[in-house]
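Look for subunit A in each of the two complexes below; its partner is subunit B in the first and subunit C in the second.
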Partner chain A sequence: MSTQSSRLAARVMVAPSVLLLFIWMVVPLAMTLYYSFRLYRLISPDRTGWVGFTNYLWFINAPEFWLAMGNTLALVGGVLAITVTLGILIALLIDQPVKGQGVLRILVIAPFFVMPPVAASILENLFMHPQNGLFAAVSMSFGAQPILFLQDYPMWSVIAIVSWEWLPFATLILLTSLQSLSSEQLEAAEMDGASALNRFRFIILPHMMRAITVVILIQTIFLLGIFGEIFTTTQGGPGSASTTLPYMIFKQAIAAKDIGRAAAGGIIAVILANIVAYFLMRGIGRHLDT
Partner chain B sequence: MGKITLKHVNKSFGDVAVIPDINLTIENGEFVVFVGPSGCGKSTLLRLIAGLEDVSAGRIEIDGTDATHLPPAKRGLAMVFQSYALYPHMSVRKNIAFPLKMAGMSEAEQEKKVQNAARILNLTNYLDRRPGQLSGGQRQRVAIGRAIVREPAAFLFDEPLSNLDAALRVSMRQEITELHQSLKTTMIYVTHDQVEAMTMADKIVVLNAGNIEQVGSPLELYHHPANVFVAGFIGSPKMNLIGGAEAAKHNAATIGVRPEHIDIGEGGPWTGTVGLSEHLGSDTFLKVEVDNIGTLNVRASGEVTLRHGDRITLAPQAGRLHRFGADGKALA
Partner chain C sequence: MARATSPRRKALTTLAAWSVALVIFFPVLWMILTSFKTEPSAVAMPPQLFTADWTLENYAEVWQRSDYPRFFWNSVVLSLGSTLLGLAVAIPAAWAMAFVPGKKTKDLLMWMLSTKMMPAVAVMIPLYLVFLKLGLIDTRIGLVLALMLMNLPIIVWMLYTYFKEIPAEILEAARMDGAGLFKEIVYVLTPMALPGIASTLLLNVILAWNEAFWTIILTTTKAAPLSAFIASFSAPQGLFYAKLSAASTMAIAPILILGWFSQKQLVRGLTFGAVK
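Moving on, here comes the complex of A and B:
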C-alpha cells in the first residue's frame, strides 16, 4: 500500500480533516494572542486599544502568580505520583484471579464516570467535611479534633480529590498493559531465579513503562487545566493558597471581567504546557518508541 | 548431575486428570524426548518437572533428593520456551546474563560466562542487540544461551523449534543435538513432531492422554512398537493398520505393516488400484486402494513410475508384520 498514487490518495483523503483540525486549533490561539495585547474589559467595553505587554506584566507581577505556578505544578506532579504509584499497585492486585473479577474491575473504574464537580462535592461534603465527613468521624472516634482539610491543607485536598478521580484511568491503562505481558516471560524469569520483587523490577515494570508514559502524558494534558474541582471546593482559597494558573485566569476573565489579562494568562499557560511537554518528552518520551 | 525420577506423578485440573499416573526415570546425560499428539499432557509433564505447575500427587526427585515442592529456581533446571520468552527490553547480553545477575554473580564473572556462551552459540556479534532485532533462529539461540550459562542439572525444551521454518528447524535440530553431545547434560525435549523425536532422542517417551504408551530408543520404537498407538504414531509415512478378516488370518485383531515394508510385484497376496502417487525423487509414496482391505500407504523407490488407475500386486515383507491383540497391545 505504498505506491506513489496510493500515498497521494491517502494525503488527499486526510487533507480535509487535517485542515479542519488546524483551523480548530489556530483560530482560538490567534484570538487569544490578539486579545492578550489589547485593552479589553467587559466593564468598560468602549475603552480599547493596543497595550503592548502590559497585560503580561500585570499577570506576572500579580502577587499570587508564582504561587499559582507552583500550585499548578504541584497539582500535576502530586496527582501523577499518586495515580501512577497506586495505579500500578491496584492493577497488580486486580490482575490476580479472584471470583467476581469483572464486577471488581467495574467498581474500580467507576469513579472515572463521576463528573469532576460532583466528585469534588462528594469528597468535600461526605469525606472531608469537619462535621459530616467520614474522616472527621474517624478522627473524633479516636478522640482527636477533626482535620480542617480545605482550610489547613487546601492544595493537598485538591490533589487528593483529583487523584481519586484519575486513579481509575491510570489503573485501567496499566491493567491492560499488565495483561499483555506474556506469562512465559514471567515463568522464564522465575526459572532464572528472580524473586517476586525482582520479577516486578526487571520484567513487569519495564514492560509497563510504555503504558506509564501514556498515562503520564495524557494525565498531564488534563491536569494542567484542572478547574472544576477547585471551583466547587476551595474557590482558590483560603486567600490564594490553592489558586492555580487556570483558576487565576478564570478570576480575571469572569470575576474581574478583564479579557485582555485573562488572554495573557492563557498564553502563559500555553507556554507552561509546552515547557512541561518538552521536559516530559525528553524524560520519558523514548518509551513510546519500538 | 541430572537424574530425574518421577514416581506416581498425578496432575489434575479440577476433575480432569491430565496426567493420571506416571512413573519415569531419566538417567543423567540422556536426551529424552516426550512426544505425543497435542493435548496428550507432554507440556504439562515438562512444566511439572520444571516446577511451574504443582503436582496433585506423587513425587519428583532430582539427583535422588525430593524436589516435589521446591520452587522452580531451586531445582537447578533451565527451560527454553516455545515463544523463547526473551526479555524484550534487555539486550542479548543482559538476557543471557539475567540468571547470573539474579544469582548475585559479579559483573566480571557474568561477562566471562556470557562471552563463553555467545561463542558456543555464534552470538558474539549480536550481544548488544535487542531480541526484536534478531531472526527466529538467533532468538532461539539466545534462549538456549540464557539456559546454558546457568550450568543446569538438566535442560527442558518446550517445543522450541515449532516457530521456525522448515530449513531452520533442521539446522537448529542438529545444533541442539551437537550441544547435547558437547555438554553431556541431561535434556528433556517436548515435541509433537515424531521426526524431531526420532532424530534427536536417546530415549523417546510416547505419551497419549496423559499416559506413557512406550519408552525406548528410537529404533526400538520403530521396530517393536508396544501397541497400536505407538505403531501409528512413530514412523513417517504412517504404518498401515489393517483389521478385520485380513488380520484374523494372522491370528490378530489388528495387523500393521509399514509403507517401506511392502513390495510391489507379482505373486503378492493383495491386489489394488493406485490412487495418489507422490514422486519425491528419492522415493515415491503411493496410496493404493487394495481390494477388500482399504487404502494402504506404500513407499517405493524413486524410479517407480506407476500412475493413477494402474493395477498392482502388493506383498508385505516376511517378518516385518506387526500383530496386535484386541486390547491394542503387541502380540509376541
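Moving on, here comes the complex of A and C:
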C-alpha cells in the first residue's frame, strides 16, 4: 500500500517528532560534552578555556564520587530487590479468588499515582519524623527510643520511600502477566502431584519471566534518575550520606555553579546508564524477543 | 487462573490480601485523615486515627494562601497543555510508522525509546542555559514544551502500539472508495483510534502532573506546578502537619481518580506494549 507519495507523506509526518527529540536530547548532550572539557563557572564567567580532562579528574577524585556511585547502585539494587520480590508475592496473593478484588487493586495501585514530592514529604513528616511521626509513636509505645530515620539511615529511608512508590507498578505488571497464565496447566501439574513450591518454580515463575524482565528494565531507567524524593527529604545529606550521582551533579551545577564539573558528571552518568542498559539488554534481552 | 477453592481458604486469602492492601494504602489514608484534623491533634501522642474535632479548616486555609490556587492551575495547564501538544506532534508520526513502515521505522522507534534512557541530569545544564537565554525559565510555555518533549517518546510509542492493532485493510478499503489522506485520518482512523488516543492522553497527563525534576529545575515561582511547590513546602517545625496533608491531598486527588480509571492502559503504556 506504500506508494511513492505516501512514503513522502509518512516522512513529513514523522519529521517533527524526530526533529524535536533531536533538539531536546542530542543537541544538549553534545553541549554537555563540550562544557565538560571547558572551564566554566557561573560565578566567574569571564575565565574560560579548554581544560582537557581536568573536570573529569576532579569529579572522579572527589571524595563524594564513590559514595555517590555506591548510593546510586544501592538505591537501584535495593528498590529492585524489594519491589520485585514483594511484587511477586503480592501478585500471587491478589490473584487468588478473594472478595472485593476490584477495590483491592485500587488500594494497591494508589501509591504509584502519588507524585514523588508528596510521597517523600508525607512519609518523611507523618511517618519518619522523630518526634511527631507515626513510627516514633510505635517505638515509644514499646518503650524504645524513636529511630532517627533520615539522620541515621538516610539511604535506607530513601530506598523505603522509593520502594513504596514503585511497588504498585511491579505488582500491577506481574499481576497482569499472572492472569494470562492458563489454569489448565496448573491444574494438570497439581493432579500430577506437583507441590505448590514446584508449581511456582517450574510453571508460574517461567511464565512471569518476561514481565519481571520488563519491570527490571523500566524501573532501572527511572531509578537511575531519582531526584525529587532526595530533594524533598534529605537534600543528599546528612553530609553526603544520601547523595546519588544525579544529586551530586545537581549540587555541582546549582549550588557550586560549576558548569564544567557538573557537565563532566553528566557525561559520567550517561556512560553509567549505557553500561547498565547494555548489561540489562544482554543479560535479560532474550526474554523479550519471544 | 481462578480455581475452585474451599470457603475456608478463600476467607483466609481474602483476609491476607486485604491486610497487605491496607498496609500499602495506609500512608495515603493517614494523610487524608490528618488533613481533617486540627494541627494539635495531628501531632497528638499517642496518634489518633479519628479525632472528635475534625475540621475542613486546613483545606480552606491552604486554598486561601495567596499562591496555592496558582500552583494548582499551573499543574492543570502544564499537564493538559503538554499532553495535547504532544499528541498533536505524535499522532501523525505514529500513524506513519504504523501504516507506512519503512526500513528504518524500527530503528527510529528504538532511538526514541533510548532518549528516555538518558539521565535527565546529563542534559539539564545546556537546557537550563538555553531556557535562560530564551527567557523561558519559570514560564508556562517553557514548561509545557519541556514536559511535552519529556513524554514525547512515550506518547509516540503508545500510539504506535494502538495504531498497529487497527487492520490496514480498512484503510485500504477507504482509499478504494476514494478517500484522500485527510479524510482517511479524520473519518476512518480517528474513530477507531480514539480509545487508544484517550488512554495515551490519560497516562501522559498523569506523568506530566507528577513530574518532579524539570518542574523543580526550570521554575521558581510563577509557573511552578504543585510538584515543585510540595517539594519545597516547609514551615517552622511543629504545627504544619494538617496543612501539609491538606495541600498534598488536593495535589494528588485528581490524579488518583484519573489513575484508577486508567489501570489497564497503564500497564500497556508504561511497558511500551511489552505487557498487555
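Here is the rule we use: the second predicted complex is superposed on the first by the 265 of 290 C-alpha atoms of A that agree within 3 Å, B and C clash if a C-alpha of one lies under 4 Å from a C-alpha of the other, contacts with A are read in each partner's own complex, and residues count from 1 in each chain.
The working rule: contacts are C-beta pairs under 8 Å (C-beta built on N, C-alpha and C of every residue); 3 or more make two chains touch, one makes a residue touch a chain.
Remember, predicted model here, so these are calculated numbers, not experimental data.
Judged by the touch definition given at the top, the superposed model places A:170 against neither subunit B nor subunit C. Of the two partner chains placed by the overlay, neither subunit B nor subunit C lies in contact with A:216. When both complexes are overlaid on chain A, the residue A:182 reaches subunit B and subunit C alike.
Of the two partner chains placed by superposition, only subunit B is touched by A:206; subunit C is not. Once the two structures are overlaid, the count of subunit A residues touched is higher for C than for its counterpart among subunit B and subunit C. In the superposition on chain A, contact is made by A:140 with subunit C only, not with subunit B. Once the two complexes are overlaid on the shared chain, A:192 sits against subunit B while remaining clear of subunit C. Of the two partner chains, subunit C is the only one touched by A:114; subunit B is not. For the contact definition in use here, the residues of subunit A common to its subunit B contact set and its subunit C contact set are 182, 187. Against subunit C, in their complex, subunit A makes its touches with residues 1-2, 6-7, 9-11, 13-14, 16-18, 20-21, 24-29, 31-32, 35, 90, 93-100, 104-123, 125-127, 131-132, 134, 137, 140-141, 164, 167-169, 172-173, 176-179, 181-183, 186-187, 210-211, 214, 218, 221, 224-225, 227-228, 231-232, 245-246, 249-250, 253, 259, 262-263, 265-267, 269-270, 273, 277, 288.
Of all residues in subunit A, only 182, 184-185, 187-195, 198, 202-203, 206-207, 209, 290 touch subunit B in the complex they form. Interface residues of subunit C, counted against subunit A in their complex, comprise 1-3, 5, 10, 13-14, 16-18, 20-22, 24-25, 27-28, 30-31, 34, 43, 45-47, 89-90, 92-93, 95-97, 99-100, 102, 108, 112, 115-130, 149-150, 152-153, 156, 168, 171-172, 175, 181, 206, 209-210, 212-213, 216, 226-228, 230-231, 233, 241, 244-245, 248, 251-252, 255-256, 258-260, 263, 266-267, 270-271, 274-276. Those residues of subunit B that touch subunit A in the shared complex are 50-52, 71-73, 77-79, 81-83, 85-90, 98-99, 102-103, 130, 132, 146, 150.
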